[in-house]
Amino acid sequence: MDDDVIFQVTSGFEDIAVYCSTYTSALPIILLLGFFTSTSMQRWFSLVTTMAGTTKVIANFVMSIKENQPEGHQIVQQYTRWILLGWALTFRLICKPLKRVFPNLTSLQNAGLLQPHETLLLEREPASNHPLVVIHWNLTLLKLCNRKGIFMDISDYGRNQDLLMGFKKSCGDTIKFASKNIPFALIQAVTITVYSFGLASLMARQLTEKHTPTSFIIKYFPVLNTFQYFLYYLWLKFGRLAAYPFGDDENDIDIKRIFQAHIEDAVRWLSLYSSPGLTDQLVSMSLHSSSNEWMINA
Amino acid sequence: MDDDVIFQVTSGFEDIAVYCSTYTSALPIILLLGFFTSTSMQRWFSLVTTMAGTTKVIANFVMSIKENQPEGHQIVQQYTRWILLGWALTFRLICKPLKRVFPNLTSLQNAGLLQPHETLLLEREPASNHPLVVIHWNLTLLKLCNRKGIFMDISDYGRNQDLLMGFKKSCGDTIKFASKNIPFALIQAVTITVYSFGLASLMARQLTEKHTPTSFIIKYFPVLNTFQYFLYYLWLKFGRLAAYPFGDDENDIDIKRIFQAHIEDAVRWLSLYSSPGLTDQLVSMSLHSSSNEWMINA
Amino acid sequence: MDDDVIFQVTSGFEDIAVYCSTYTSALPIILLLGFFTSTSMQRWFSLVTTMAGTTKVIANFVMSIKENQPEGHQIVQQYTRWILLGWALTFRLICKPLKRVFPNLTSLQNAGLLQPHETLLLEREPASNHPLVVIHWNLTLLKLCNRKGIFMDISDYGRNQDLLMGFKKSCGDTIKFASKNIPFALIQAVTITVYSFGLASLMARQLTEKHTPTSFIIKYFPVLNTFQYFLYYLWLKFGRLAAYPFGDDENDIDIKRIFQAHIEDAVRWLSLYSSPGLTDQLVSMSLHSSSNEWMINA
Amino acid sequence: MDDDVIFQVTSGFEDIAVYCSTYTSALPIILLLGFFTSTSMQRWFSLVTTMAGTTKVIANFVMSIKENQPEGHQIVQQYTRWILLGWALTFRLICKPLKRVFPNLTSLQNAGLLQPHETLLLEREPASNHPLVVIHWNLTLLKLCNRKGIFMDISDYGRNQDLLMGFKKSCGDTIKFASKNIPFALIQAVTITVYSFGLASLMARQLTEKHTPTSFIIKYFPVLNTFQYFLYYLWLKFGRLAAYPFGDDENDIDIKRIFQAHIEDAVRWLSLYSSPGLTDQLVSMSLHSSSNEWMINA
Amino acid sequence: MDDDVIFQVTSGFEDIAVYCSTYTSALPIILLLGFFTSTSMQRWFSLVTTMAGTTKVIANFVMSIKENQPEGHQIVQQYTRWILLGWALTFRLICKPLKRVFPNLTSLQNAGLLQPHETLLLEREPASNHPLVVIHWNLTLLKLCNRKGIFMDISDYGRNQDLLMGFKKSCGDTIKFASKNIPFALIQAVTITVYSFGLASLMARQLTEKHTPTSFIIKYFPVLNTFQYFLYYLWLKFGRLAAYPFGDDENDIDIKRIFQAHIEDAVRWLSLYSSPGLTDQLVSMSLHSSSNEWMINA
């Protein structure tokens, strides 16, 4: 009876081993990962190239305002602040690390991006509308500038509108990317497939090794086997990363750092209006000491 | 004789099992799904990014009309209403849920998007021409504005035409997407393939398990098998979803909600002309209490 | 000897069956079809989105001509007719159904799209140059309008040139698509492969069934087998359709219907200049009875 | 001993046959060809749609010069000639058949595209810079036109610059395509793979047929086998064609014929300035005999 | 005992050979390489077509400055130098060979691209901000030109801003490409897979050959086997090249040569302003000796 049990268990194990061997065929996994990853990467690359930037819209506004206007400094600064605010309100909706930095409107107010009376107005609207509201304010500011006649040229009114609309569209596209991307259920399924493949390949290996007479194989080749699994794991991880690019992973897009860079850049472009003295000095200094040394090599 | 019958039945069943095992090879299914889904997804992503929006065309018109004009409010409001009407008439053609909300022109009239005399004119044309007719009206309105000289600048006449033509094109592209997409017969065939694969894999499984001595396998591994099928089912569902994005499924694009959002946005942009008082107040309040606190971190 | 012959024939048949079974492996067929169809579909989708339209170029011209000009009606109508003529001359080159409608220039003259003296000029050139000649005429017309000073604004001269050049380019791209697409020899080869696969899979099936003891399989499973072949056939048909989108197939792009729609649209846009009375009336009627009922829901 | 040798040879041959059978598995070849061809075709299609055209840049220049200017004819003609020269100098670099037509600058001079003193200047520069030098001349010509004030409108100066820069960019992109495309070594490797596959599949067939009792198979099925190989050969040829589109193959893009067409078109656009009489006559004839017959069908 | 050891070793070796044979299946490798390479090539082609160029931004600036202005030469030269500096500072960040040419700001100063007081300002900022700082200087220069009124037309101010912003964006995209491309870990894994496949396929071959009676196979067929491996190696190399296009490999994009070409081009465009005499002479010479010989063939 004991023998029978052992036989049953052994043959049962062997069955599993055979089953696992079929299951661990690398081809379906590779195809699955290939299609999944190339799809999520195409999306990710298109996101990276279209992600909303603030430089163009800010620099163009600053450049198009006449110099030495009353309230010129405040207007330019306010437009810039609202662009940054719109950016922050957009990425807050889709990026958890930024959401942790700005959990509510008060935190944005504390960062100086929002004024108290603006907070009151924003609080009346759902969070998904906040970026639109801020763009609405900026459009009003453009109208005000036009009414005051502080644009360098009549065409600047239209150009700034176009750039603001472009900014609005890329904010909207980013939200669309986050909400209308590869569905969660599919990613979960691919993940479980790869993990269960790893488990099954482990079992299949241990059992087939049993009837080999050498321990040589055990020593060297499971390394290759594990490596193969590791490759699929890496591939999967890359596909997941591309599907959720705004998470906490160290390879994710670091929105917090990018926002900081946007603020620093904004200050730089602002200085074109607010404190042009220093750069003007540099420009004229360079002009007077100009040399064509660099042309000699050509 | 009894034995013979049993043998015949058994061997017949075994034949089917063998046949099914060949049929249930995962590779063709994965390749089929891979190519099918990546094609329909590429189409879907391109739809999502090019889907007609109303913001740009409305906001630009509102911004380009001189302030304090007689009939200014009505003109701006009418242009906006017709843009929304054109959007609704477009998506009514291709999206069943919206078709249920607006089954006929009277329902649009009840929603205030259409006036009685406009309904009479639209009824003379086939439904597929309705969006074009409404764009025709808006072009006439642009001519009227130009004749009245209420554009801020001569270039606004051309810019608004361009934006209106862009709106027309994206409406046309959306209809093209719905009518000239992956053919129904192909999708149906892929669906039946995946379903019959599920059935065949079930039969193959039950029979091979017969001659294994342990029930261990039955307990644990059909789970994995079912899971594999579930993965293909999910993949297929995703591909179908991408091919028919405007259906009733909970993952489909919710056109009704989007239309509601377009109306709300339109009201917001309209307020730039119709009731600028409130936002102007906000803008000047913000201007006078401006601080550069946010720059300090930079 | 009889037995030997029977044996020889039988074993010969079995060899064929084995050969066919190898040949009927679904994988190469699926891969072949997958790559072929996804390539031709990518091309097809890009064609559908870039196919030359007439709306933009016509509507912009009509909108840019000053009202109440002498010969204004004729100029606007002639420009429109030539755009439609250019479209017809382009698609005649690549689309057989349209070629049957307009087999020669006389048929276009009978349709009123060409005048007798224009036919004489076109007949001097090869058919592939006809669209270019007509665009040349339209450029001359633009120059005439500019000389007469009947453009609303100086920039309209340039904008209409740009749009006309865009129209020329999309006509050229369509011809390129038809002449520089997936080569005929490759499509023919893929087609024969799928057909011979169907034949081979049929033979393989009949022979293997011989040594199965049950007729059960014959009854139910060839259904699945035929279905599998039907799927490949559908896939192939879709790929071929995408490679030759302008044929006689019922799923092909119906160029004749599209041309009819372009004519109807052209008449609509023309009415913006020629008979604005009716639409103007509608616009002012709507303006005076305007209500903001639709805003209430927002 | 004889028997032993025969046995050795036979079993050696069988080994090769088995080896060949493994090697002739169609799947790797199909995958290799699938990825290779779809990559080179994507590149090729993008080349075909972006290949430098001369129409837009020439026609716009001709249309933007005021009529009846002194030297107007010469200026327009010279600009056109230099655009054609730039095109020829670009495609000479990458297309062998055109290189044979224009082996050196003297041949271009003989064709009337280059004047003797221009040849002297070009000879100082390496061939890869020639297109840039000619664009430099055209920029100078634009400056001259601006200085002379013969542009219809101030904006024409900028527009012609933009178009010239666009022409320069598409010339540069074409050169990039030819120099930075799929590397030669890879194409060579794919080619040898397909050829050796053909050889191996031939050997495998001849040997396996030895032990089949019927000659039936030899009669009918090698046809299918050869056909399969022929398919791969076609596929490969198509991929190679897409990788080197400017060669001597009859399916290649016929640059010589295209250049001839560009010259003919250029003469057509030039006639807009140089000899407008004929077309003007046509336009006014058409205007006076205009009918709206074509509208009746609508 | 000796026999037993030999048996153990032999059977152990045979196990490895069998293991290696499974491992050396070409399909997973081909699929892996196919997906990997087509992804990295798509990225690479998009890089090549969008890589920042300096021609457009420089030539447009030069063309838009009024002739014979005080300091005109210096302004035009300085703008050009800063564009080239911005390009060099960008590619220094991502391209090792250029980093070796310009290891620090002093080396740029020695090349005449940077002036001492500019170096001082740049040193205050992190290297990743350098391109932005230089674009900031150029924006200031544009403001100065506008203030001085040396633009040919008011619209030139805006156009040059747009081009400068376009230059900024393409610099940013290039940096994004280098930093947010296919992750290093994945490439490493693919590389090791292909190398270990080569090793395994070598072992599998040597052992299976042992029990074949002919040395014929060893003589001829390892050639094919090695060739197959060589193909994968080539494919991999191509994929890696596309992932890191700015390295030291001879097939990489030669940034140093490209930078030299940009400098030479810049000198050419500069001569449009600084020394137009020579080209003007050429233009008028060509004008006076113009012939329409080239039109005769048409």
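Each chain gets a letter, A, B, C, D and E, in the order it is written, and its residues are counted from 1.
The rule is simple: a residue touches a chain if its C-beta (ideal position, glycine included) is under 8 Å from a C-beta of that chain, and two chains touch if they have at least 3 such contacts.
Since this is a predicted model, take the numbers as computed values, not measurements.
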Report task. Note the rotational component of the Cα superposition from chain A to chain E, reported as an angle of 0 to 180 degrees in steps of 5. Result -> 70
Report summary line: Averaging C-alpha coordinates per chain, one finds the centres of chain A and chain B separated by a number of Å equal to 24
Query raised in the report: Cα centroid separation between chain C and chain E, in whole Å?
Result: 38
Query raised in the report: Which positions in chain C touch two or more other chains at once?
Result: 27, 31, 34, 38, 42, 155, 264
Requested in this report: Quick one: label the inter-chain contact graph as line, ring, star, complete or other.
Outcome: ring
Report summary line: From chain A via chain B, the ring reads A, B, C, D, E
Query raised in the report: In their shared complex, at which residues does chain B touch chain C?
Result: 8-9, 11-12, 15-16, 19, 23, 27-28, 31-32, 34-35, 38-39, 42-43, 46, 71, 74-75, 77-78, 81, 84, 111-113, 115, 117-118, 121, 129, 132-133, 136-137, 139-144, 146-147, 154-155, 157-158, 161, 165, 168-169, 172-173, 176, 180, 182-183, 185-186, 189-190, 192-193, 196, 200, 260, 263-264, 266-267, 270
Requested in this report: Name, in rising order, each residue of chain E that touches chain D in their complex.
Outcome: 26-27, 30-31, 33-34, 37-38, 41-42, 45, 48-49, 53, 55-56, 59-60, 63-64, 67, 152-153, 155-156, 159, 212-214, 216-217, 221, 224, 227-228, 230-231, 234-235, 238, 251, 253, 264-265, 268-269, 271-272, 276, 279-280, 282-298
